[in-house]
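Worksheet: one structure, shown below.
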């Protein structure tokens, strides 16, 4: 039986037909994950509502209509009003912008920090000990007092530089980001440690690939899946942390609506105007829930073992 | 193993010193002054005197050294004295870390707060675990069943709703509407008989419930993942091939392995038990350690904040170590490694 | 420092027809439901296994060897696996029809299993002694003490020195070869009638593999056990097996007495497999090896054609349209092929 | 054989430190490779066999300077490359390449085949843009893959095809010397021959030199001109292929060869096999004297006391055994 | 048990809830109302105010006056006759030595005595005999009832506190947490910032009192949940200081479990208008400092602007929104007692946007492009700060919107109460530093005599670095006429005359709008319907008559 190298030129059966890229595979697997898909749907709906909603429901969230205070849902105020006559829907929409922005930005900071530390520690033996001790230390630092001190120290200078709202936004986002990167760093480091022993990295070295390229081309894309999962968890975590900060009076100024703040302010009025807590509460839960489901789906989709044959 | 523990302990020391320094320095930087809380009528010289008596006004490094001495030498000595009723050295003139707000020694305040924190937060943690572990196991064993789907959903809800909201809801339902449970925790309540025990159960019910829901949500997710991981391992197939009962396979072979990561996770969570659950404590007026901390923070009671924070740091480092040791104890590959 | 050099003699085995088979498998079909569609992993496999006989099962990766054997004891994850049809008679009982409780009494007691990866197949957190005594206590109802004694004897029997003192050790404290011996001891614990060994030496070094092969051969002689030996190495079964089943694409393509198979391979796949191997005796250097073009099938297609047809040099129209069944060439040799390789023409219908 | 070897190693040694204790001090070392001397001549294939963990891969990796050696010297084309660093080392890379054992693991799952094969060219600035694409397609063609596969991802290929991608990558920079680290171990029997044939064909076409690492003695005999047998970090025997297989001198080589099954039931039934006792000792604590002495069927007291020297017997047949004649 | 012969402690257990927890039971060490009121169960003064603001003897046998000879004719001393039947809860007799000690304890400069202001001008305290005490003043004191009147300066037991004088006061934890007193209860257990357990004092002078055997004095949480615990769930008998949005309170009251009690004292929620330039560019040495009138505020120094700001506010809306029955519209900083309340300013009670706009137009403040009024490049843009508190933030938002209607732009800012009211000279966020344009808070005074309170607004009281920003004239308004009146009242003895002067002083402040009064606030608390005998007292501790409480 003559066997030439080209004798096996027939395409592998998996690859026959339409071409599938890596992301296509991820998407296909993601699409099959009912929970993730529903989560993504809900999340997109929330994001859209928050982004576009204020253009449709054009009531100023800060406008006080004291004559219309504590109203139930009506056509004019679909979610009713608060005890100063502010429109709840407008506030939920405005609050969503902040809460989502906080979630995304804080997640992004945590992710960048965590990935950076994780990759450096995992890839460079010399840095590992130092960076991991640093990570341990951050994990051991009690966050709450730290938070307070940072707020006390920097609130005024930030406020002076960026105005009261942007200033506190930067502060909150920065604080949440800087206190939640450690888990990501640990996971990424573990993965990088394993990856650098993988043969394709050795192969890259034997080719003479520069270290920077090894990291960007071979290591980073392969730690993407834990990073993505950390990212979705990070968003949920940041939104919840922001609401806890509001509860403790350390977050945004009171006339600055965020979901956590609305929920907190509305809590006392739960029996007067239930809509005031129902909607922000629902918004937080739905967002966190949907993001969590997205994270679950992403994890399954990005992990080739879970993606199925 | 011993080597390992010793090594970890040795590494913990510089970590803790670094943390203590950071905490001290950061809180020291904060624009606060113990005399800030004093009445305005006090003349400046008197203020200065009070500052002196509280050990301020010294250069930073001296204050730091003094605080370290108080924390690491004086307070432990006092505790030993109290515990054994003995007297070591001159206990009268020993400097103690004092709260600015109450002027009471910080350690006394903490000891006073510990019982309710341990009762409520600790119990909720325990109950959370007790709920979470079986749910995690069943969820994993019957993956994608309705039980699993429901469990996932409920635990995600538990995770995503802030406790200040669930707490309030619980009060409205169980205290206001049904009048079953007290909404205010009585820290001085003593259990002496069945009736008072029942009262204790009732007053703990809501805070414990709210916190347990939150804890269970998290732990059950981990448990499920761990069991799922192990269910597909080859040795499970081996166990089945030996003709073992499904129960034995699950509880002896799978569970043992799945508990390794979960137990360490649980150990890592224990410092948060001591740290209290600030929001829940505030809502139900459990007035435990968490409440102490937040009051101290809001009242700028720096020595109290410093001490509590550092205590948490010590606990976190300690339980990190315990978690690692547990890992070794549970996993022979590490124990004999 | 002893050397065991021995003259290997194959035991005289009674002719297959003369006795009732211990295990008789008929028309076993197993499928996996996957998002990409059903994977037809096993398509109508059947074989007989007699007492004291060693059946070698050969085939390449993914040909369904493991799934076949795991199906017998329902050790597959179900779902996604599903046994579509089949019968597996052991002592007159159909294993595939047993209820879970009865099946447990077969697993480990009547049928022993040795898996490929000795590290992953032992529970890392339980001591070797515990894992060894488990089947003894479950099936034989031995006391803890008695089970331990028996376990020590078993370990001794598979050639682990100072067995008594090693019962408390954990799997990771054993070398790969020793772990595999522990697996063997575990499978033998209840003196099963049938032992299924799924590539038990693939993960081991050549000289250690030789030790294990030797051990199993000895045990088989001593206990008269029937063994199914799965491997992808035609060389291993040559010296070991009484009969060989060659699998391809979830089917048995050839089934024969060992000597007959190697002397007169019938199926084009078997033939090219034998040819693809370089000879240890040398002389092949400088030549190209005969290779089989193409790739193994993925089994997603329904088994309505010969699975080997796409790679077969002799394939003709019928091969792509009809799936051949095993047919006897001689008394002890069956093949599933539309092409008569010896004659060089298609078989008569 | 030409007198000037392409690659030569002298006293090649690699000890991996074992860190233990309170301060992570070094408490010992895994003596993965312990004082090897051998040379590989141009256009030759040197087979390297031995059991798992005996140090075969480590040898290959030191020669390619993927690990720095603990001691000894590596020369390539007469140049001492033992101490090369940084850019100088990078410039050497194109001349020597490696093919890896695991065709799945040695390809980055998130890069397309084209970028994997093209990476060495890009890294060394050999080609870019359309020229790069052309070179990649030519390489894929050379290893028998459809150039249209360049846009696909590794997971879309079979094991044999993946191994071809690895070969194409190794060939990209036109090296003279390739270390093949168990290139067929992970492949199915029916596929192995395809890859071996390809390697031989390329060797003929481009005049390549191979260090062929494998534990498949049968395949090594088919491929290699000379064969070195390793045991626990040492080469115990090195000879022309036929000489080694027909007349093994070292007892370990003999045991190894006897363990290789023939696929002939008749012969198997008659064959004498040497079954060794015991397990391979740990390379962290190799036995004194001859390392094989703990399992050697013919060992004498001397063996466990004195390490045998490296002797050349007839026809360049080298062996390290006190008893070999 | 309503009869006077009822047995002591027969009504069992009383549960009081203060949403701010007690941090010490020694009122000399704390200015917090919660601490002073908790201590008032145990420690008693010589005299106290009843719920009508009338002074009544407590440990004193009688109230000394000039008429009965208790107060010296030259007003330089006061002589208190002490009751002879009083014993401390430990059974030892109460004597003049305890009073003398208490005065010395507070006057010791090293201890940081909180109610030191009560002892202003005291030069000495002497025990005339065992049951007579004489207090000497350095100046003539027409109102000599500062020391030991009211709950913030009660009598400590000398025997207990002897070793806690001066700097040691801070560290006497056992004493500070469990002072021995003469009041109806004694401290059983104290947990800082959590709870105090009291039990009836067996040695209390009035037989059969108190009716309750034990009291739990719980702290922590927030006002709403405190109200809920009394009004909705009935877990507690008494909840203090329920500053909650009225609709929430109303709903709770509707449950029928409890009753609200309110008492109007002198608390006024007000806007303080900065009269000095607070431009951040001025730097530490000039910003918000009164420099003899050389750096007036850019626009708030214009009376027209101040007047317009006041006119634009609809105070009734503020009351309806945040106070309900617990607040009244007011235009005076000194709203009570009735004789002191001026009627000259009632015009401000109704909002008048038109008038406000007219005043601004007239004064040349004209709307710019963005609707904000400006003049000579100065925009009417106000930084308006207050402490963090949801009612205050609501008020801020409402006022911001009202001012918007007269073309005034407002930036809101809120600062944590601990910082805002804290005395840290280094912080720039305290109300004393006043780096904002306008700030809002409540102030009041203890007792019924406004002399000391009104003296706050003299020129010499303007905060600044010389006095560590401790002056009370936060608005930094210096008015010569006002200073003259202040000097006059200090030497006027007749009540009518004093009242007339005080009203005059009040008018100067509010008619110049240095301070814009908004709401006269009541103390508001709730008690269970089963709890009887509660008489809300805005002039003293609201637990002043706890000995009379019963079921």
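Letters A, B, C, D and E name the chains as they come in the text, with residue numbers starting at 1 for each one.
Heads up, the rule we're going with is that contacts are C-beta pairs under 8 Å (C-beta built on N, C-alpha and C of every residue); 3 or more make two chains touch, one makes a residue touch a chain.
This is a predicted model, so every value here is computed, not measured.
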Please report the smallest number of touch steps linking subunit C to subunit E. 2
Is the C-beta contact count larger for B-E or for B-C? B-E
Between subunit D and subunit E, what's the gap in Å when you average each chain's C-alpha atoms? 90
Indicate the whole-number Å distance between the mean C-alpha point of subunit A and the mean C-alpha point of subunit B. 26
If you average the CA atoms of subunit A and of subunit D, how many Å lie between those two points? 47
Residues within subunit B bordering two or more other chains: 31-32, 298
Multi-chain contact sites of subunit C, meaning residues that touch two or more partners: 272, 288-293, 295
Contacts with two or more other chains, residues of subunit D listed in rising order: 158, 160-161, 193-194, 197, 201
Touching residues on subunit A, where the partner in the complex is subunit D: 3-9, 11-12, 14-15, 19-22, 198-200, 202-210, 213, 217-218, 221-222, 224, 304
Write out the stretch or stretches of subunit A touching subunit E in their complex. 62-64, 66, 69-70, 83-84, 156, 164, 249, 253-255, 265, 268-269, 271-272
Residue ranges of subunit C touching subunit D (in the complex, touch as defined): 1-10, 60-61, 175, 177-178, 205-211, 214, 232-236, 238-240, 258-259, 262, 269, 272-274, 276-282, 284-285, 288-293, 295-296
Name, in rising order, each residue of subunit D that touches subunit A in their complex. 61, 64, 66, 89-91, 93-94, 97-98, 100-102, 105-111, 119-120, 123-124, 143-146, 149, 151-153, 155-158, 160-161, 164, 166, 169, 173, 193-194, 197-198, 201
Write out the stretch or stretches of subunit B touching subunit A in their complex. 11, 15-16, 18-19, 22-23, 26-27, 29-32, 152, 156-157, 159-162, 164-165, 168-169, 172, 275, 278-279, 293-294, 297-298, 305-306, 308-309, 312-313, 316-317, 320
